[in-house]
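Quick heads-up: structures coming right below.
Each of the next two complexes has chain A plus one other chain: chain B in the first, chain C in the second.
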Partner chain A sequence: MKQGTATLPLKRPQSMKSSRRWALIWSYVFLVLFAVFFLMPPIYMLITSLKGSGEISAVTNPWWVYYPTLENYTALLGSSTYMTFFRNSALVASIVVAVTMMISIPAAFALSRMKFWGSATLATGVFLTYLVPDTLLFIPLFKIFAWVREYTGIELINHWWALIIIYPTLTVPFATWILIAYFASIPKELDEAALIDGAGYIQMLTRIFIPVALPGIIAATIFAFTVAWSQFLYPLAFTTSADQLVLPVGIVTTLIKGDVYNWGQIMTGALLGAAPPLLIYAFLMDYYIAGLTAGATKG
Partner chain B sequence: MAETMSGAVAPQTRRPMTMKRFVRRRSTIAFFMALPLILLIALLVVYPAFFSMYLATLNKSMERFVGLGNFEFLFKRDTFWMVVKQSCIFAVSAVFFKALIGFVLAHFVHTIPAKGQRKWRGMLLVPWVIPPAMSTLGWFWLFDPTYSAFNWIFVRIGIDPVNWLGEPFWARFSVILVNIWYGAPFFLIMYLAALKSVPDQLFEAASIDGANWWQKIWYITLPMMRNIISITVLFSLIVTFANFDIVRILTSGGPVDQTHVFATWAFNLGIQGNDIPLGASVSLFMFPILGIAAIFILRGVNKRGNEA
Partner chain C sequence: MAQLSLHNLVKNYDETPAVRGIDLEIADKEFVVLVGPSGCGKSTTLRMIAGLEDITAGDIRIGDDVVNDVPPKDRNIAMVFQNYALYPHMTVYENMSFGLRLRKFPKDEIAVRVENAARILAITELLQRKPKQLSGGQRQRVAMGRAIVRDPKVFLFDEPLSNLDAKLRVQMRTEIKRVHQKVRTTTVYVTHDQIEAMTLADRVVVMNDGRIEQVGTPNDLYHSPATKFVASFIGSPAMNFVPCTLEEVGGALRVRLDGDIAFPVPQDRTQRYRAHIGKPSLLFGLRPEHIMEQRPHLEANQHPFEVELDVTEPMGMETMVFFVLNGAEICGRVNPNAGAQAGARMNLVADLANMHLIDDVSGLVL
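Here is the complex of A and B:
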C-alpha cells in the first residue's frame, strides 16, 4: 500500500494529469449548459419586461430587446392595485416571520434543553407536521373558516390578515426543527455556568442561546420569510377581492384580464415579486444554504 | 425518556428537596414555552387533517352522512384514475430527474477548483429561490402558443413548432420539466454538502488502487451518501406528489384534465366546484404516500439521532 502511494504518481503522471484536465473540461461544459437551462426563464422574464406591448406582439426575435423601455415598471409601480398586493405580501410575510420566531424559539429551547413529559414525542411530531402538505389542509381549513364565521361572526374568508393565522403551520415546524438542531449544538457547560450564576431560563435563552445560535435564527427567519412570500395555494383559496390579494395570486388573477395577457406587465410583476427573496438570497446566501442543509428540506 | 430519568435522579441524591422542586418547575416552564407550538399543531394541522377525513364522508351539501359514498363515486370515474396515474408519473419522473441532475451537477461543482465553486453554486440555486408561482409564469410565457420563444428557436433550426400546453403529451412533459427545473437545484445543494463530507482520502486511496470514476461513485460516493439521498428523495416525493402551483398556473389541469394531479383536481372540485366533501376525498389520496414516506424518514431520523 505504502509503496503504491509513492510509486504510482511517478509511473504515469501524464495520464493522471490529463484525466484531471478532461474532468475539468467536462465539468465546465455541463455546468455552463445547466446554468443556461436554470437561468433562462428569469432572464427571459427580464427581457420581456423591458419590451413595450408593441414589440411583444410584433413577432421579432423574442430573445432580444430592440427598443428597451421601462414603461412596464413605471406602470406597475404607479398602479395602486399592484402596490396593494405588494403591501399585503410584505405585511403578511413580516408578521408571519415575527409570529414564527415567537413560537419557534421558546419551543425549540424547551425541546432541546428542558426535557418534559412527551417532549421527545413532540419533537418527532414537529418534524412529521412539517411533512403535511398545504394541499391536504386547505379544504378542511376552508370549511373551518366557514364555521368560525357561523359561531363567532368573525369573517376569515377574503381577508389578507387571515393568512397570518394559517401560514405559521408551514413555517413553524421547520423553523423549530432547525433551531432544535442549532440549540442542541450549544455546549451544556454554557447553561450550567449560567444557572450557577443565578440566571433564570428566560435569561439563559435571551443572553446565551439567542446570541450563540444567531446564524440558525437568521437561517430560520429567511426560511419563514421565503415560504410566507411564495405561498400560493392558501391565498388563492381564501382571498378573492383585489384589495385583499397577495402578490403571487394578484399577478396571476388580475393582470390576466379575460383572455388578454399583458405579457410585459405580467413578467415585470413576477420579477418584482421575485425580487425580495432574490435580494435576501444574494446578500445572505450562506445563511440561506445553511438553513437548507440544516434539516433535509422539502424539494 | 431515559435521559430525563437520569437527569432527574442523579442530582436528587445530592440535594433531594430543592432539586426535585427545581425539576418539576423546569418541566412546567418548558411545557408552557412549547405550548404555542402544541396549540398551533393541534388546532391547525392535526385537527384539520382528521376533519378532512370526516368531511370526506358527507354528501355535497354536507348535511348527510354517506360513508364511503364519495370514494365509490370517485372509483367509478375515469378522470379519477387518470389523476392517479398522472400524479404518479408526475411525482416519480420529476423526482428521479431532479435527483439525477442534482447528483451529477453536485459532482461537477465538486470537481472544479474551490475558488469558483461558490459562484457556480450561487448561480445554480436561483430557480429554487424564485417563488414558484412567479417563475412558472415565466415558463407559461415561454410555452405560449403563438409567441413561444422555444418555438421561435425551433423554427430557426428547422424543427416543427410544438404545441407545448395544448397537446396532452407535451403538456405533461412541460409540467414535469418545470418541476425538475425548480427542484433540481435543491438536490444539488444537498448532495454537494454531502459530497464535501466524504473524506478525500477515500478517493485518493481508490485512485491509487486503480479504481475508475464509475467504481469510485459506486463503491464510495453512493454508500457514503445513501442516507442523504434517501431522505431527499422521500421528501421530494411527498412535496412533488402534493404539488399545486406549477400545474395550476401552467395548465390548470388541461387539456381535458390530462395534467391534473391530486392537489389541483381537489381544488377544482372542492373550492371551485363547491363540492367540499368530494375535494376532501381526493386530497386524502395524498395520505398513503405521506404515511409510507413518513415511516421511512422517521427511521432515518431515529438512526441519525442515535449516531449523534
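Here is the complex of A and C:
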C-alpha cells in the first residue's frame, strides 16, 4: 500500500455550526415536550377554576372556558375555613423554614468544618436519615405523641403547631446535607484567613460562611418551604378538626363531601395554594445564582 | 521587637513525621525564606507558626512569649495564602479592614490604615471593588494589604506567587521586596522556587524531608553549600556532579574524573581534602557557570579540558553546552560566539576555585 493514500472514502466533516444547530433543535424539541407534559395539570386547574359548576359537569371541551366566572375565587377567598387553612399552612411553613435553618446551618458548619471524632460518620448518618420514607415514620410518631401525652400531659394530636415539631425531621437532614456540600466547596483558606484575622467560630459562621454560602442557604430554604407547604400525609394523620387543618388536607377534606366533588373550588384552592411557593421561588431566584464564591481564590 | 524562634519543632500526622525537629532563630525585621521540594515540611512549619496546625513537640516563641497553645488570632501574625483567600462577598476595603473591625478599632483609624496600605500597594482605586473584579496580581496585592493593615509582629507568606504567571511572578517578587523594605516586619516566606528564595531572602532556610539542611544568606548557600542536596537545589541550572577519585601527585591533589581528565585541586584546599584520598563514592561538583569556553589567558585555578558536545542550547546571552563525563551529564555555559556545536569537540575551562568535593554516602560537602 502506498503511503499517504486513504482507502476509506472521505466523509465530509460536519461543521461546528451545523452540529451546534442540531443540538439546539433537539434541545428545544425535548424542552417543549417536557414543558407541555408538566404544565398540563396546572393549566387544566386554571381552566377549571374559571368555570361554574354547571359548565364543569356539562359535556363541553374541557380545555376551553365558554362562560368564565370568578365565583370559585370569591367563594374560597370569602370563606373563613379556607383562609384558616391558608393561615395554618403559612405559619407552619415559615416557622419550619426558620427552625430548619437554625438547626441546619450550625449543624452543617460543625460537620463540614470543625473536624471532631465521628463527624464524617455523623454527616453520612444525617443523609441516611433523609432516605427513610416518611410513610414509615408516622406510626412511630403517633406512638411518641402518645407517650408525650402520658408523661407530660401535652396533647400533640390535632394541633397544627404539632406539625412544626414533625416537619423538621424531614427538612433538617436534607437541608443539612445540601449545606454540608455547599460549605465544603468554600476554600479552607478562607476560614484560616478569618481565624488569623481574629474571628471566632461564630463570627466565621455569621460573617464569612453564611454570606458566602447564601445560594446554598436559599436552595435549602426553598426546599424546606416546599416540603413544609406541600406535606399531605402527616397533617392528614395528625390533624382532624377543620380549624387545625393545613391547605392540602383542608381542600380535600372540606371540598369533597361524601361523593360530591366541588371541582371548581378544589381546582381554585389548589391553584391558590400553589402560588406561595412559586412567589417565593421567583423572589429568591435572583439570589439563587451559583458562582458567588468567584474571586475568593484563583479559579 | 518580634524575633521568632523555633526550638526542636516537631509535627507528626498520625504516625507520619512531617517536621522532624527544627531549630531556627529569626531576628527582628529579618526576611527569612523556607525553601525546599514539596513535602519537605516547609508549609507545615509555617502553619505551625501561624497556629493553624498543632505542634507535636517543641516550642515556638514570638517576641518573648511561647505561643504553642495561643490561638492564631492572638499571635499577632498575618498570613498571605497561595490562593489569596479573599472574602468574596466583601469589597477590597472590607477585606482589608476585616481584621481591624473584628478587633473593634475606631473607624477613622481603620480608614487611615487601609488607605496607607493601599497607597503602598498602589491599589487605592480598587478599594470599592469585589475580589472577582480583580486580576490575579491585584488579588495578591489585596491579600498583602490585608496583612499590612494589621501591623502584625510577623508576616507569613505561603507560596504567595505560585498562582501567578511567570511574568507577573517576577514583578510581584520585586513588589514584595519593595513592600518589606518599606514596612520592615519580620517575615517568614515559604516557596519551592529557589530563585524566589535567593532574590527575596536575608537568609534562606533549605529544608528537606522535615529537616533543615542549611541556613544561610543566599550567597552562602550558593558558594558554600553544606550538603549535596543544597548544592543541587540552589542554582539554576543545577550544579553538575561527576563521580571522581582524589589522588596525590607530588604533594598536590588532583580529582580524577575519568581516564583522561583530572583537575588539580586548588592549593588552599589541600589540607581540607587530604584525608579523603582514595575514598570511593566521592563526587566532584561544579556549577555550569564555572565551565566556560577556552580563553587565551587562564586565571589561577582554571584548568582546560576537551570534550565532545552532545547538545547545545542557545539562550541568547549565553549558550548551554551538554556533554558526558564519567557517565554523568554535564552542563556548561559558554559565550554564544564561542562556536559550540553539537557533535563537535570543544575546548572548555573548569574554574576549580569554585569546585566542591562531596561524600556521596553522607551527602555532605567536604
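Observations on the structure shown:
Simple rule for what comes next: the second predicted complex is superposed on the first by the 245 of 299 C-alpha atoms of A that agree within 3 Å, B and C clash if a C-alpha of one lies under 4 Å from a C-alpha of the other, contacts with A are read in each partner's own complex, and residues count from 1 in each chain.
The definition used in the following text is that contacts are C-beta pairs under 8 Å (C-beta built on N, C-alpha and C of every residue); 3 or more make two chains touch, one makes a residue touch a chain.
None of these values were measured; they are calculated from a predicted model.
After overlaying the two complexes on the shared chain, residue contacts for A:27 are found with chain B alone; chain C is out of touch.
Look at A:35: by the touch rule set out above, it reaches chain B but stays clear of chain C.
Once the two complexes are laid over each other on the shared chain, residue contacts for A:199 go to chain C alone; chain B is not touched. Once the two complexes are laid over each other on the shared chain, residue contacts for A:63 go to chain B alone; chain C is not touched. After overlaying the two complexes on the shared chain, residue contacts for A:211 are found with chain C alone; chain B is out of touch. Of the two partner chains placed by the overlay, only chain C lies in contact with A:187; chain B stays clear of it.
Applying the stated contact rule after C-alpha superposition, one finds that A:246 touches neither chain B nor chain C. Between chain B and chain C, it is B that contacts the larger number of residues in chain A. Residue contacts after overlaying the shared chain place A:163 against neither chain B nor chain C. Chain A residues in contact with chain B (one complex) as well as with chain C (other complex) are 292-293, 296-298.
Listed in rising order, the residues of chain A touching chain C in the complex are 187, 189-190, 192-200, 203, 207-208, 211-212, 214, 292-298.
The residues of chain A lying in touch with chain B in their complex are 1, 4-5, 8, 16, 23-24, 26-28, 30-31, 34-35, 37-42, 44-45, 48, 56, 59, 61-63, 102-104, 106-107, 109-111, 113-117, 119-120, 122, 124-129, 131-144, 165-166, 168-169, 172-173, 176, 201, 226, 229-230, 232-233, 236-237, 248-249, 251-252, 261, 263, 266-267, 270-271, 273-274, 277-278, 281, 285, 288-289, 292-293, 296-299. Chain contact summary for the complex, chain B toward chain A: residues 1, 3-4, 7, 26-31, 33-34, 36-38, 40-41, 44-49, 51-52, 55, 62, 98, 101, 104-105, 107-109, 111-112, 120-135, 137-139, 141-142, 144, 147, 149, 152-153, 181, 183-187, 189-190, 193, 207-209, 213, 228, 231-232, 235-236, 238-239, 242-245, 248-249, 262-263, 266-267, 270-271, 276, 279-280, 283-284, 286-287, 290, 293-294, 297-298, 301.
Chain contact summary for the complex, chain C toward chain A: residues 50-52, 71-73, 77-79, 81-89, 98-99, 102-103, 130-134, 136, 139, 146, 150, 163.
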